[in-house]
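Look for chain A in each of the two complexes below; its partner is chain B in the first and chain C in the second.
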Partner chain A sequence: MRLNCLQENLSHGLGVVQRAVATRTTLPITQHVLLTTDEGRLKLSATNLEIAISTWIGAEIQEEGAVTVPARLLTEFVNSLSRQALEVQALKHGKGITVKGDRVEANINGADANEFPPIPNVNSGIACQVAAKALRDGIRQVVFAAAIEDSRPVLTGVNLQFDGDQLTLAAADGFRLAVHTTTLARAVSEKLSVIVPARTMSEVERLIEGDDPIDVVVTPQRSQVLFRMKNVEMVSQLIQGTFPNYRQLVPQEHATRVVVGLGELQRAARTAAIFAKDGSGIIRLQMQPAGKGGGKLTISSRAEEVGEHVSELEAGVEGQDARIAFNSKYLTEVLNVIGEKQVSVELTTSSSPGVLRPVGNDRYVHVVMPMFVQW
Partner chain B sequence: MPPEARRIVLLDLDAFFASVEVLENPALRGKPLLVGGSPEGRGVVAAASYEARKYGCRSAMPMAQALRLCPHAVVLPARHHLYRDYSRKVMEIAHRESEVIQQVSIDEAYVDLTPVSADMAQAEALAHRLQGRVRVELGLSCSIGLAPSKMVAKVACETGKPSGFVVVRPGQEAAFLAPLPAGDLPGIGPRSEERLKAHGLVTLGDIARAPVGQLTALLGPWGAVLQRRALGEDPSPVEVDRETKSISAEETFAHDIADEAPLVEQLERMAREVAESLREHDLVARTITLKLRLADFTTLTRSTSRPSATNAADAILADARHLLEANWTPGQPLRLIGVGVSNLRLLHAPGQLSLDVLRLPPQT
Partner chain C sequence: MFRVHGHALAVRYFERSLREGRLHHAYLLAGPAHVGKMTLALQLAAAAECEGVDPPCGTCKPCRRVASGQHADVRVIAVDPTGGEDGKGPRTQIGIDAVHDAIGAAHLRPYEGKRHVFIVQDADRMSADAANALLKLLEEPPPDVLFLLLSTDAPNVLPTVRSRCALVDLKPLPVAEVARVLREEHHVDAEHAESLARLSRGCIGWAIEASQGSALLAAMQQRLEKIADIVEGDLETRFAYADELARRFQRDRAAGRDELYLWLRWLRDIMLTQQDRGDGIAHLTWRDTLARQAAAFTPAQVVRWLHGVLEVLEDVDRNVNTRLALEVMLLEAPAVAPAASA
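Here is the complex of A and B:
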């Protein structure tokens, strides 16, 4: 293998695949990056066996071939160089490369390309297409609600339900549930529900660049999913199992509904979080419908022996007086992604789930369990 | 004036895992149940229903042995996440009575009613309400011991099981303990009990009356402590959120092991044990430690920290294997191997109510 490419392209490409490079592994080859010439371009691939990322960069191919080298070493070396043209050539025995630049040269030892784990090839399956922004927004609004490593593997993923031209993304961790619905650019041929690891979804969000629509293909055995973006492909294992039927967790009725400016609530929640840092991160919300004055939402928090804080917001409050306490992390995380100018909070009792929605947008709903507190 | 007597409840759920299984599947009610590992896999009984206990089945007994005692018992695999959810709900109910709670295991907690009651009579009413709420709201039976100290509350609770409600009033502790066999006192194991018995000390009353010198001669300084405990003295407080700093499991081999496969098998088992224990305590860990003891008794401990905290057996095992490969050469005989986790934090804040996600039916 021998080729010429630009330092900035190689650096960018290595940055793209780097997140699929295994960091802690008993299989050292998964810490490598695979370089392959592919139809006039250089293909870079990495896999930690759960996800595989491939990207293509422009290169002038002199001689076809493939080689694998330690990803971190190559990345660090390439990133240390200034912008320039580079010549990459496989070492004679095929187990490593020489990279030559402007008065710089490095030999990097690697392994035979055949030792690299096969990157799954997803050609057929159930396919659809989704707009870049739609997928990015959908992922952002749900992925944080997935459980971090857990004994209940299905909850560590994001549930993707495809039905006609609708895609519903959902994640839940036992304390909260986030559901986002979006329209597909190209519909699926059959109904489908899969669970994608949350980490995969975060990486997809990170990798989406520009506005080109994204192809999503699920293998016929429903064991893997492919996300095809511009110049980047990511294949991920799916989490096996069935996602819980979460729809019944969204309360259908409420006793109190508050509408408040998102920015104001976010700021008040951030302020409250300062006093809620120690202990359990409790933020208390009290709603009062309009009486003599307008309706109001009072937000308070206190730290034992340190101090306390109260903020009052103007708010539209329908229904009864209500009070509820939330974990500050859960509250700020949902407010950070909810979008729109106003947010509504629906409550039934102080020990039943609260429901947050962006006002004027019925594509997102977030259910969060309160905390038990002494008022 | 002695300081005001405390009023402490020990709440202990009766045959907890088995009771939860019955709630989940009422058809099991009245049948002898064994929850735990399969008899083929050398599994042990994690919980036995009272119907199974009639046949002599006990927790920690090998499943195969339990099935010999009670061949018609229904054997179920343990579903820890389910028990944890119920356990959390019980603790939520307990939190309504008092904020001073020390959960000591998945099915047991001390609740200090001293700050929320004026006297024993009032504490008794609160404890009754607590037991009733657990029964009515969750359908679970629990036993309650109410006493001026943790230790006496614990013993009182044990004597009443199942569905017991035993109150020991201040000043009555020694009289309550006196007729009980010595082994009922936490801290007296079977071996100490044997030794005491050999010297005619059979009941806690015998220990309370024995000359201190005789006890210390038999058990060392611990003997003096035991006597005070046999009199009902236990000043230890109910420790809220008692922090667990680390959790570990280790195994000393009967014969040194030098092959990788059996070591990895041990690691797998221990990783599962540690992960289960993390989940029981609602904890996640960031640091994983491997302990090795070589044939010459040299002991190594090596740790690694993860980017995100975990309670998953797979993750703990992967790190432990990684550490093993980095610190041990196949063929080198080992006397002991162990896995531990530290750098712990609570999976969620105390008081956080949970969403019943996994109790839902799956999507169709």
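Here is the complex of A and C:
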């Protein structure tokens, strides 16, 4: 293998695949990056056996070939160079590369390309296309609600349900549930439900650049999903199992509904979080419908021996008086992604889940379990 | 076809399970060190991934990838002697992190093969947390997962974990079989092969490694030399040895016990020599020393000594002061008459 490419392209490409390089592993080769010449370009691939990322960069190929080298070493070396043209050449025995630049040269030992785990090839399967912005928004609104490390592995993933031209993304961790519905740019041929690791979804969101629509393909065996972006392909293993039927968890009725400006609620929640930090993260919300004055939403938090805080917001309150307590982390996280001018909070009782929705947008719903407190 | 030496019973059992598609999700392969647990486990892993006929065929791509340790779905979980990057130093146990990684991987679909295979080396050396986390996975295994737990000390595997595995006991191979393999497959000359086979106690991995000039054989010779010296030594050298061995017990119980088993075999060799059954001895290269020592003691003395060693083995399991037990054993042991040792 011999080729010429630009330092900034190589550095960018390595940055893209780097997130799929294994850190802690029983298979050392997964800490390598695979360099392959591919139809006049250089393909960089990495996999940690959960996520595989491939990206293509422009290069002038003089001799075809493939080789793998330790990803961290190559990345650190390339990033340390100034912008310049680089010549990359495989070592004679094929187990490493020489990188030559302007008065700089490095030999990096690696391994035979055959030792690299095969990058899954997803050519056929159930395919669809989704707009970049739609997917990015969808991921951003649900991925944080997935469980980090759970005794129920299905909850560490994001559930993707494809049905006609609709895509529903859902994530839950036992205390909250986020559901986002979006329209596909190209519909699927059959109904499909898969669970993608939350880490994968975060990486997809990070890798989406520009406005080009993204191809999503699920293998016929339902074992892998491919996200094809501009110059980047990402294949992820799917989580085995069935995602809980969450539709029945979204309360259908409510006794009280509050509509409040998102910015104001966000600020009040942030303020409350300061005191809640030392008080088990409890934020109390009290709603009062319009009587003599306008309706209001009171937010308070307190911590023993630290102090307490109360903010009052003007709000449109329908229904009866209500109060509920939420975990401050759960409340602030959902408010950060809700993304409309106003947000509605629906409650039935102080011990049943609260529902948050952006006002004027029925594509998102977020359910949070309340905390039980002494009022 | 399985490519392992010996273990015909286990191989037949696995072959039948594979043929009938009734492989369990978890096996505990138990047997002494170097008996062939890992070899069998890797063959079984290859069989689970194999795409050829009569798995493991050994020639298909998955078989070859498993054999060269490249298969992404076959993971070996072992004690990490080098220590992690977190600077906690060398590990003596399999930690919870390794098991958590396995749990995460087990719930994904296999990467390139048909199923996930997790080989847990030294399953008796899992931390309590790790073993309990693994237990959860063993109790509710995701589909397409095969666990192979290996242990030299199966009784010390967490009982709840043990009871979720099908137990496969691997016995040492017949000495003649070990010698034959050494001669025919590793080109060891007949005499050396016989000697190594006897020293190996039927643990073929040890014999093969020793035949390839590793440090194993030298270390064994050194230990035997020491024992031979102590048998003929005076009380002072014997007590120094008791002290040294007691320290070894403190560091590594298994190594200490192993030394006592070596003592048993040595004393047995002396007895055999006394009864003119010298052809059955384990330590062929020590024939002259054994003959000398056989002449120096009466059979009754050797039998008593042997009982002494057995008693120590029992005592250390009851938490008796190891050094004291060893000293008593060596104190009661007969001394070589000054005339004989001169």
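Note that in this section the second predicted complex is superposed on the first by the 374 of 375 C-alpha atoms of A that agree within 3 Å, B and C clash if a C-alpha of one lies under 4 Å from a C-alpha of the other, contacts with A are read in each partner's own complex, and residues count from 1 in each chain.
Operating definition for what follows: a contact is a pair of C-beta atoms (placed from the backbone, for glycine too) under 8 Å apart; a residue touches a chain by one contact, two chains touch by 3 or more.
Worth saying up front: this structure is predicted, and the values here are computed from it rather than measured.
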Chain C versus chain B on the shared chain A, clash or fit after superposition: clash
Chain B versus chain C as contact partner of A:P197, first or second or both or neither: second
Touching partner for A:Q374 - first (chain B), second (chain C), both, neither: first
Touched partner set for A:T26, first chain B, second chain C, both or neither: both
Superposed model, chain A: greater residue contact from chain B or chain C: B
Touched partner set for A:T348, first chain B, second chain C, both or neither: neither
Which of chain B and chain C A:Q237 touches, first, second, both or neither: second
Partner chain in contact with A:P117 - chain B first, chain C second, else both or neither: second
First (chain B), second (chain C), both or neither touched by A:Q224: second
Steric overlap of chain C with chain B in the superposed model, located at which of 63-71, 171-179, 243-251 or 333-341: 243-251
Intersection of chain A interface sets (partners chain B, chain C): 24, 26, 149, 151
Partner chain A, residues of chain C touching it in the complex: 68-70, 72, 75-77, 84-85, 97, 100-101, 103-105, 107-112, 136, 142-144
Parts of chain A lying in touch with chain C, wherever the complex brings them together: 24, 26-27, 29-30, 49-50, 115, 117-118, 120, 149, 151, 153-154, 156, 197, 221-224, 237-241
In the complex with chain B, residue positions of chain A that touch it: 23-26, 148-152, 155, 159, 161, 172-177, 193, 242-246, 248-249, 279-282, 325, 327, 351, 353, 367, 369-374
List of chain B residues in touch with chain A within their complex: 80-81, 92, 95-96, 99, 275, 279, 284, 304, 306-313, 315, 318-319, 321-322, 325, 348-358, 360-364
